[in-house]
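The structures considered in this document are given below.
Two complexes, one shared chain (subunit A), two partners (subunit B, subunit C).
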Partner chain A sequence: MRVFKVIHKASLTLVMAAIAALFLFPIVITFTNSFMTAQEIDFNYGPIGQINEATEKGKKLFGNLKWLPDQVSMEQYGKVLVGSSNYLKMFWNSVFLVAPIIAGQILVAAFAAYAFSKLQFRGRDRWFLVYVMTMLMPFQVTLVPNYIMADKLGLLNSPYAIIWPGIFAAFGVFMLRQFMLHIPYAYIEAAKMDGAGHLRIFFTIIVPMVKPGLAALVVLLFVDYWNMVEQPLIFLEDPFRQPLSVYLSRINDEPGIAFAASVLYMTPMVLLFLYAETYFIKGIQLSGIKG
Partner chain B sequence: MKQWFFRQGAAMKIMKWMRRDAAAVWIFLAPSAAGFALFYLIPFMMGVFYSFVDSPVDLHFAGLENYRELLASGSFRKAAFNTFYFSAFSVPLILALSLGLALLLNSKLYFRKWLRTAYVLPLVVPVASIVLVWQILFDWNGSVNAWLSGLGVDRMDWMNSEVARYVIMVVYLWKNIGYNVILFLAGLQQIPKDYYETAYVEGAGRLRQFSGITLVYLTPTMFFVVILSIMNSFKVFRETYLIAGDYPHDSIYMMQHYMNNMFTSLDIQKLTAAANLMVGCILLIVMGLFAVERRYRQFME
Partner chain C sequence: MELANEQVDRRRKRTIQIVFIVFIGLLLLLTFFGNTLQSLTLPKVRTEPLAAGSLIFAFEGSGMLQPFTEAQLTNPAGWKVQKILVKEGERVKKGQKLIEYDSKTAERELDNEIASLKKMNIELQNLQDQFIQSSREDDELAIRSASRAIETRKLDLDTQERIIDELRDRLASGRELKAPFDGIVTTLNAVEGLASGEPDVVITNDSHGYRVDIPADFALLTRLEIALGSKVEVEVQNVQEQQTRILEGTIVEIADAEPKNEPFESGGEAGQTRTIAQKVVRIKVEDPELKGGEQAWINIEKRSRQEGLVVMNEAIHKERDGMFVYKVDEQRGALGNVFVVSKVPVQPTERNDHETLIQSDSLYEGDLLILESSEPLQDGERIRLQ
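For the complex of A and B:
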């Protein structure tokens, strides 16, 4: 009976591991292939994207997805980092877009979430519904007015056209409100009895209690804005101001260095995630338990 | 001395004022509300206004003319259908799959934490990094076709046929399942174990337990997951754009492609009209969800 249980547990683990492998496979491939030489890349992936040529010859020439490089080389990384590409410039463009958005949104959203979860005012739930609505709306919905507004404020072709709307986006409010709903009113009542004002309550009770939520929000916002595509395409015409996400979609024409560029691009994200994973998971979990 | 008293008095007054909720609401909500109004609410209302005039320069009231033209446009209908189809198909699918994975992950397993990390990792990997692999897989000369022809099956042009839609769905699932799994896991762990024991004693089968206990107590989590999944199903435009560019195959031509193209061709009327129709649909969905949640809460009480 006991043996049967162990077998059951092991086989289930095996199935789940197979699914996990499926999830990890594109990431692993990108990583291992980033150590290939340009020659090997060309040899393996040359036929990709060349529809006509490959069929005209009458042969089926396929790209060959390879797990491991024949020869480990840092050639791609060298080219990306010190070669002629604008990689580093774009990297910093990304950082300067994403960092202010995260810092700003966290601050603004935490305040607003407190109001939406712990304060009473008329029309509270209705206004919250409006926030949730805009959170669901694709960026294009307010594209024209936003463009006109950015033009009037003189923000066109400036990162601020992206940063300001990013700071006031509703997602942070939604997420943190969800979180603050868990904090019992009793804590706040007790602090009030002791003579604490709302600001004091907010900074000494609420903020420490929603730390996992804040951590989760930082990671989620990082993911979201680090991946941003639509906004920079519209608001930043100058290619030298565009972030990496847009640049990488073009670098794919140059597979010789694309893998290394991709790895470098995802590294900050993955490191942040692994560093904050416990917090992140806890943060996400607590946000979803109570509606 | 007098001055000190005065200051103290003013400070006391401010403190008292602060303690009243109405004032606190202003202080806490004002920064967000101001920015939200400026960058979301007012632009949205401007959009509604533009959709009813015949050009943003003349500002002649045009009634429903823009909407009539929009609905007559073939590319709009295509985009609307694709977006609707995508969300209507992939959201239930991701709910089912992530709930299934969460249930499995919640049973007795080795390496549970590692497995969970593996499922969540795609969420934090930027798609731009992975696009290359997707292309290598689904290109005409790509690896999937190589494997297919190895099995003696004819190759197909994944990204330039109806199947493209499902390729994008796979990308969507791959990216977002992990997040939902975490949410469901948390919800599952909230359900007291003795509910199941009682049900078991009373003779309820596995399926009955699942529908009578698990699903009922997961409803609040479900509400949250559905909202996020819908939001992310609209965000899949990015992946589509990165994989297939400005002009993808018809089957993955989304509302966002349409609106982007209307923007490039400066057809403001159609863009805003399309945007408003989309918002109308989203509003209906959100209100429906909130209504379900309210009823559930009443039911539980």
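For the complex of A and C:
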């Protein structure tokens, strides 16, 4: 029986390790290949860009996937960080798009979620449903009205065309409301009895309690907006204003620096995730009541 | 247990924080200094703005003024010098005695010849006596023979007289050296007691003016339309007085000279040379204050008829398809402007020693052209301006 248990556990671990390896594989490859020289990349992955045309004796050519570079070189990093000012410019474009969206949406969502979960007013749940409806629709559906509105407001080709809709997106409200619903009303009642107003209740009771939720929201928003491609592509015509995600979508033009560019691109995300990981996991427990 | 976990967690977060700050700091640093860093590795170039205009052709040169006519007086008879009557630098008049030669041998020879003339005269008288004698004897044959002898002797006498005349002439001319014209003794090679092979006296005539010889490229002369008889300004500086004057000179001679071999400019293969036809321009200057030996400069400038873009010769490069220049293109970048090399073919029309006149559709006045670079350049390469 015990042997069976051990085998069961071992096989489960093995399967999980295999799945984890499968998921990690692209990241590891990207990281190791970022130290390749441009020539090596061209030699190994040259056919990828023109995969449809590149046929040899009727056989399609594929890239030659390599784990380790023949020669470790910082050439790609040098090119990306020093050789071309575009990359860094776009990196900061991304930062200046994502940071205000996250800050704004956290603020708006936290207040709105407090209202939708803890305040009693007429039609509260209906209003909430209407608000959340916008989230249920995919971006592509609201694209045209969004574009027309941005145009009317004179926001086209300006980062505000992305920042404002981002700040008032419904996802944060929905998520934080779910968190706050799990906070028993008794806390608020107790605070009210002690004479606390809404602001005080919000900042001293609610915020500390939904901290894991806020952390999770920050991570999710960061990943979402750091990776957005369609919005900037549509709202920002000037290539010098577009964020890194758009640049990376065009990396085929310069395969020689693709890996280093990708590593630098995912670094902030990975660091943020590692930092907020504990909150993230705690956030899943949702509740403020122990036991 | 939980406390320990929390500590581990806190330490981990701290590490991530540090990594994050370092990452962002590095990117910030590179954002601000990336361009500077990169520009340090770029080839450095020296440029010059392109100017519109015409070329200036200049014929420049200098030389020492020399008297226009000069006579080299040699020892006429090859006799030893007896006495030198002048000094170097002395001004002499026409016909003035310069050198006396030792003529004793010739005089003795003359005396001998005169003596033999006398002897011949005596012999003639003897023959005439013989003739009279024969006439008296009425010996026809003897008379004829005597008369023939008299004729022969007379001819001999004539010859002897001529020899003596010639000797006298030689004595008269060879005894001394006279100045053929008014002038200055510039060189005196004669040494008393010796018969030198060189001209004994060199005498120059300053009444005909002075000359200066200046070498020039044939093509340049043609372009400047310099011809015989044209007037030019000559700047003359006296070496002692350190004072310059502008005089008018005349081109009196354009003579052929040894062609010059010159290596090709940039673009040509090393070791290859081209031949340039050379001329020597002789300019005559007249001025009473000139003494000869002064330094003379001339500078003739002329603008080319054609107008176009003027570039330094260094900026023009050669390749198989023709000539080209490297232009600096300014590309507007996100974080400042970037300078890039662009190769522009050009059609040179005229050139002088420093500049070339070019025609090009894609070049404009004010464009920066690269004269020199720290590394070989390529089209499209980024560069750093000096």
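Note that in this section the second predicted complex is superposed on the first by the 268 of 291 C-alpha atoms of A that agree within 3 Å, B and C clash if a C-alpha of one lies under 4 Å from a C-alpha of the other, contacts with A are read in each partner's own complex, and residues count from 1 in each chain.
We adopt the following convention: a residue touches a chain if its C-beta (ideal position, glycine included) is under 8 Å from a C-beta of that chain, and two chains touch if they have at least 3 such contacts.
Computed from a predicted structure; not experimentally measured.
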Review point. Touching A:184 in the superposition: subunit B (first), subunit C (second), both, neither?
Key: neither
Point to revise | First, second, both or neither for A:208, with subunit B first and subunit C second | key: neither
Check your understanding: If you stack the two complexes on chain A, which partner ends up touching A:170: first (subunit B), second (subunit C), both, or neither?
Key -> first
Exercise for review: Tell me which partner A:89 touches in the superposition: subunit B (first), subunit C (second), both or neither.
Suggested key: second
Check your understanding: If you stack the two complexes on chain A, which partner ends up touching A:281: first (subunit B), second (subunit C), both, or neither?
Key -> first
Practice item. Identify the partner contact of A:123: answer first if only subunit B is touched, second if only subunit C is, both if each is, neither if none is. Key: neither
**Study point:** First, second, both or neither for A:135, with subunit B first and subunit C second
**Key:** first
**Study point:** Larger contact residue set on subunit A - subunit B or subunit C
**Key:** B
Check your understanding: Which positions of subunit A sit in both the subunit B and the subunit C interface?
Key -> 272
Revision key, fill the gap. Subunit A partner, complex, touching residues on subunit B are 15, 18-19, 21-22, 24-25, 27-29, 31-33, 35-36, 38-44, 46-47, 50, 56, 101, 104-105, 107-111, 114-137, 139-143, 145-146, 149, 155, 157, 174, 177-179, 182-183, 185-187, 190, 219-221, 223-225, 227, 230-231, 234-235, 237-238, 241-242, 255-256, 259-260, 263, 268, 271-272, 275, 278-279, 282-283, 286-287, 290, 293, 296-297
Study note, to complete from the structure: Per the touch rule above, subunit A residues touching subunit B in the complex are 5, 8-10, 12-13, 15-17, 19-21, 23-24, 26-27, 29-30, 45, 47-51, 54-55, 60-65, 107-109, 111-112, 114-116, 119-121, 129-149, 164-165, 167-170, 173, 178, 192, 197-199, 202, 219, 223, 226-230, 234, 244-245, 248-249, 252, 255, 258-259, 262-263, 265-266, 269-270, 272-273, 277, 281, 284-291
Revision key, fill the gap. In the complex, the residues of subunit C that touch subunit A are 9, 12-13, 16-17, 19-20, 23-24, 27, 30-31, 34-35, 37-38, 333-336
Study note, to complete from the structure: Per the touch rule above, subunit A residues touching subunit C in the complex are 81-83, 85-86, 88-89, 91-92, 240, 264, 267-268, 271-272, 274-275, 278
